[in-house]
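Next, two complexes with chain A in common: one pairs it with chain B, the other with chain C.
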Partner chain A sequence: MSKRIDVHHVTRVEGHGNIVVEVENGNLTTCRFEVVETPRFFEAMLLGRPYHEASHITSRICGICATGHATASLRATEKALGVTLSEQSWLLRKLTFHGEILDSHILHVYMLVAPDFLGVGSVIPLVNTHPEVVLRALRMKKLAGDICAAVTGRHTHPIAMTVGGFTHFPTTAELESLHKRLVESRKDLDATVELFSKLSWPEFERDTEYVSLSKPDEYAYIDGDIVTTDGVRVPPERYKEVTNEFLVPHSTAKFTRNKRESLMVGALARFNNNYDQLHPKAKEAATALGMKPKVTNTFLNSAAQVVEIVHSTEDAILIIEKLLERGIQAEEPAPVTRMPGEGVGVADVPRGLLIHHYQIGEDGRITGANCIIPTNQNINNLEHDMRVLVPQVMHKDQEAMRLDLEMLVRAYDPCISCSVHVLTIK
Partner chain B sequence: MSSNGKPKIAFFDFTSCEGCQLTVVDSLQDHPELLNVVEIVQFREAMTEKGEDYQIAFVEGSCTRASDEPRLKKIREQAAIVVALGACAHLGGVNALKALHPLDEVRKYVYGDKADWYETYDTRPISAVIDVDYAIPGCPIDRNEFIAVVKALLLGKKPPIPDYPLCVECKLKGNVCLYTKGEVCLGPVTRAGCGAICPSYGASCEACRGFITNPNDNSMREVLAEAGLTVEDITSIYTMFTTYQVREKLQQKG
Partner chain C sequence: MPQEPSSPLTEKKTLIIGLGNILKGDDGIGVRVAEILSQRELPAGVAVEEVGTPGIDLMNRFEGWQKVILVDAVQMGAKPGTWRRFSPQDVRLIANGNVLSLHEPDLASVLELAQALNMLPDEIVIYGVEPQDLTFMAPLSSPVEAIINVIAEQILSEIWK
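And then the complex of A and B:
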């Protein structure tokens, strides 16, 4: 019995990746996830650029997590140059970040993952067979995009976020309207949790080291320590102790490993590390989805995203209430207090831990840059998962086996353009 | 045309962030009626089905390696109309920033002693490799402009892309000019069409839509210098999305 699965460019993922699996006489002989995206060299592109351009350049690493890249980039610059954000700026940064988590997760679970479970090749046939599901997804996704648009002008490549704060502010009326729509969207959340709790997720277990940010006072998305389920806790500046990167010839993305052979970042890692800090309604959703930490079924990363959709909606409602209570002020960005400087910015973006590390010279130009991307950290773990999954499914016919492997890849919600865009060796 | 009489369209991506394709998804969200008049046969980011028979190809991303050229040429052979989708395909975009440093250094900075494993060459817009019929500018594209272009193509008309400076739209919006606030902006030389979205959100225009046909570069540079920018600062602001064009112009001057 010999089989070769060669999915040249996996679809419904961001970027270009290939699955190559060979089984000969019942033995797994080849098992690779090849990243064939073109390298883009963002870190080198940053060299010599003025510090205020960094977030605009690096948001272009990824159209899906542009706000996440801008956030990590700004935090790196702000730490390097001694910039302290106001309370209002923090609330706005967090609000637009929730907008991106919602936008990205809704896109992933509804349009990229759900078609596999409903037996179709894309979301388009669902327009006829499951119109209420598609309309709900579109309605939720539009609201997410509108949150980002109100705060920063647009979701893909945010405009109004700058070093020290913002150059534009949402109006009270815009915030009130978003609040009303978020509250109304709770019925869509209930329907979402119900839909995904009925799916039969593939049975699969492989424990790994789950890595995320962690903060004492909230479910961490921006800033915090880097923690792992194997008991590691380091401040962002010591990120290299966790993200030991290495190169392999079949991938333009670098791989990472820490305590074990591989590690995993993303919604499931955050869920496993920070479950206690989820909003009570998000915990209810987790219960409905049959999840309690530590969850070691990789396919449930998509279910953890559903839990986070609930959390981000509820937290966005609370943030808007705070902003409305305080009243929105048109503030100047907080000042730069030192130059030169070096800083590490961290954000737990939709696909997991993102790190930007900059050195800025006396003239305000960038002299060194390093970015570590969630998908890079995950690809190595994905290959190890594939090695466990293939023997479990190799009795199936080629087509069914291919679908299982593709579903595993999609569970990671990989962002392959990101993964090759910024990798540095110093 | 497909059997149902709808024109077939396909989306392709080269070196890019895929944000323009996401903007297409967002546009279709607001205009689902478009799906009644066209048939999407290929859109890797959103669907598994793959059709090789299409009349209109939208191409996102710049060309950054020789081995991508055959795929681009094959798209040109098949499609009656090729549209560059967004700044990377249209201009080279931010990908071209790497041309500001020697390519060898760029490769070593990112991949160290394994630099040879990864193929790359000078970033170029797709029009440097194949004939391109139209471009939808912007980083990312403007969703309303995308819809307007598709409608024009379906009616057999030339897509309505403006060729006047951004300042026109900015004034119509009633924005306070950033220069009066002591900031700088490339609005006077940049192609309009985005509704001056960046100045409207308090940020300067960075020319992601490329330059108008006859920009007054000398005056623009004088204005920037008067605003206190050094020669290096002016080079920075002029190269964010348009390094390829700036270098081409320098080469023409010899």
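And then the complex of A and C:
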């Protein structure tokens, strides 16, 4: 008896990846996740460009992680050129980052993951069967986008976020309005947690090395040390000691590993490393979802995203309260204090640890760049998960097996390529 | 901040939206056309913006507008630089099957979802251009470059008529 699962271009993930699984006489003979494209073009794009363009170029690489790329890019430049952000700039950076975490996670859990559990093929039939779910998701998503637009000038590509700070500031009225809407959105959060706590997540366990940022005083999204559940802690500048990139023949993306055969980044990794720093309401959500670290069921990465939706909403409310209390100042960006320079910027973006590493020459142009993308770090782990999952599901028929594997891929919220968005007309 | 509809002096409050990623060669065609139009005089009640690759959030831009004109790269199997004006009803748009992803924001799926949710404006017009080169950091290809002004003028004549 042999089975072959060959999924070309897994749907409801970002970009193109293929699942190839072959089972012969009950033995798994082939198990690959082929990445057929990858955004490894960053370095070439940045070389020779003035440092102030880097965040605008890299934000264009991705329509979802635009703020994440811009943030990691700006931190790399700011560290290279000795730029110290003001307290207000930090609050605004964190606020817009929460906006993107919310935007991305809401899209993923509602539009890409929920259809698997609600028995429909995509979000469009969901409009007929569960209209309130789709409308809630869109309402929450719009609020998230409006946070980014108020802070950085527009929703997707944060035009007003620049080296040293911002060139545009939200008004008090905008912040008050966002605050009101975020507080009102708590009822949507409750409904979200309730919905996802009722889903029956696939049973699956595979412990791995979970890698994320960590900071002493907060749930880390921007800056911090790189830490792992296997006890590693290094500053961002030593990222290569953790990522250890290597090549495999079937993928154009580089793979990573550290202490074990593979490692995982993303919401579940952050949850496992930084649970203690979650907002109390996010911990309540975790309890409702049946999660307590260390969680080793990869499918629950999506549930960890639900927990982070609660955390980011609550933390955004606190940040806005701080900003309103201080009063928004239209301040100039902090100055560059040295040139040339070299810096590593890290951000734990929706899909996990993102690293930008730049060298900037005396003339202010980028002479070297290295970017490590979350999905690249996860693909190796995904393949190892597949090797564990396939023997558990190989008794099922081909279609059911295929769905299980696709759901596993989607659990990673992979972001395989970026931003080709061409229509095909038949 | 995104533009909002101004006073309705024209027949229909119209928003022209340029879509695409300027880092990916001809994918940036919609943005380039929007840039040209933003330098031109537009009737009252007409606005133009470039939104990059907004995915599902494109729907949020429809609110308050009666007519929306989208400019985008569209693979029609035609010669690069070929452009067509059509409505979503005119053609069957196939984008990744019946699914929704964001990096390929799947205009067809977004429009279908907007329709299901009753969020479509009264009229949608799509100006589609057949791309040649969609690789990262490629410039616009010469056949697509050559057509930008033609499309901009065509849209101007449509909104001024």
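Just so it is clear, the second predicted complex is superposed on the first by the 414 of 426 C-alpha atoms of A that agree within 3 Å, B and C clash if a C-alpha of one lies under 4 Å from a C-alpha of the other, contacts with A are read in each partner's own complex, and residues count from 1 in each chain.
Definition applied: a residue touches a chain if its C-beta (ideal position, glycine included) is under 8 Å from a C-beta of that chain, and two chains touch if they have at least 3 such contacts.
Just so it is clear, the model here is predicted, and its values are computed rather than measured.
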item: Superposition on chain A - do chain B and chain C clash or fit; value: clash
item: Contacts of A:R60 with chain B and chain C, given as first, second, both or neither; value: both
item: Partner chain(s) touched by A:I159 [first = chain B, second = chain C, both, neither]; value: first
item: Partner chain in contact with A:S200 - chain B first, chain C second, else both or neither; value: neither
item: Touched partner set for A:Q329, first chain B, second chain C, both or neither; value: neither
item: Chain B versus chain C as contact partner of A:K142, first or second or both or neither; value: both
item: Partner chain in contact with A:N25 - chain B first, chain C second, else both or neither; value: neither
item: Touching partner for A:M45 - first (chain B), second (chain C), both, neither; value: both
item: Touched partner set for A:N128, first chain B, second chain C, both or neither; value: second
item: Common interface positions of chain A, toward chain B and toward chain C; value: 9, 11-15, 39, 41, 44-45, 57, 60-64, 107, 111-112, 121-124, 127, 138, 141-142, 145, 153-154, 156-157, 417-418, 421-425
item: Parts of chain C lying in touch with chain A, wherever the complex brings them together; value: 1-2, 19-24, 27, 51-57, 59-60, 72-77, 91-109, 112-113, 116-117, 128, 131, 134, 136-137
item: Complex contacts: residues of chain A adjacent to chain C; value: 9, 11-15, 39, 41, 44-45, 57, 60-64, 107, 111-112, 121-124, 127-128, 131, 134-135, 138, 141-142, 145, 149-150, 153-157, 415, 417-426
item: Partner chain A, residues of chain B touching it in the complex; value: 13-23, 25-26, 29, 32, 35, 40, 43-50, 64-65, 68, 93-95, 97-98, 100-101, 105-107, 109-114, 117-120, 139-140, 197-198, 200-203, 206, 233, 236, 240
item: Chain A residues touching chain B - in the complex, by the definition given at the top; value: 9, 11-16, 38-41, 43-45, 47-50, 53, 56-57, 60-64, 66, 107, 111-112, 115, 121-124, 127, 138, 141-142, 145, 152-154, 156-157, 159-160, 162, 166-168, 247, 249, 252, 417-418, 421-425
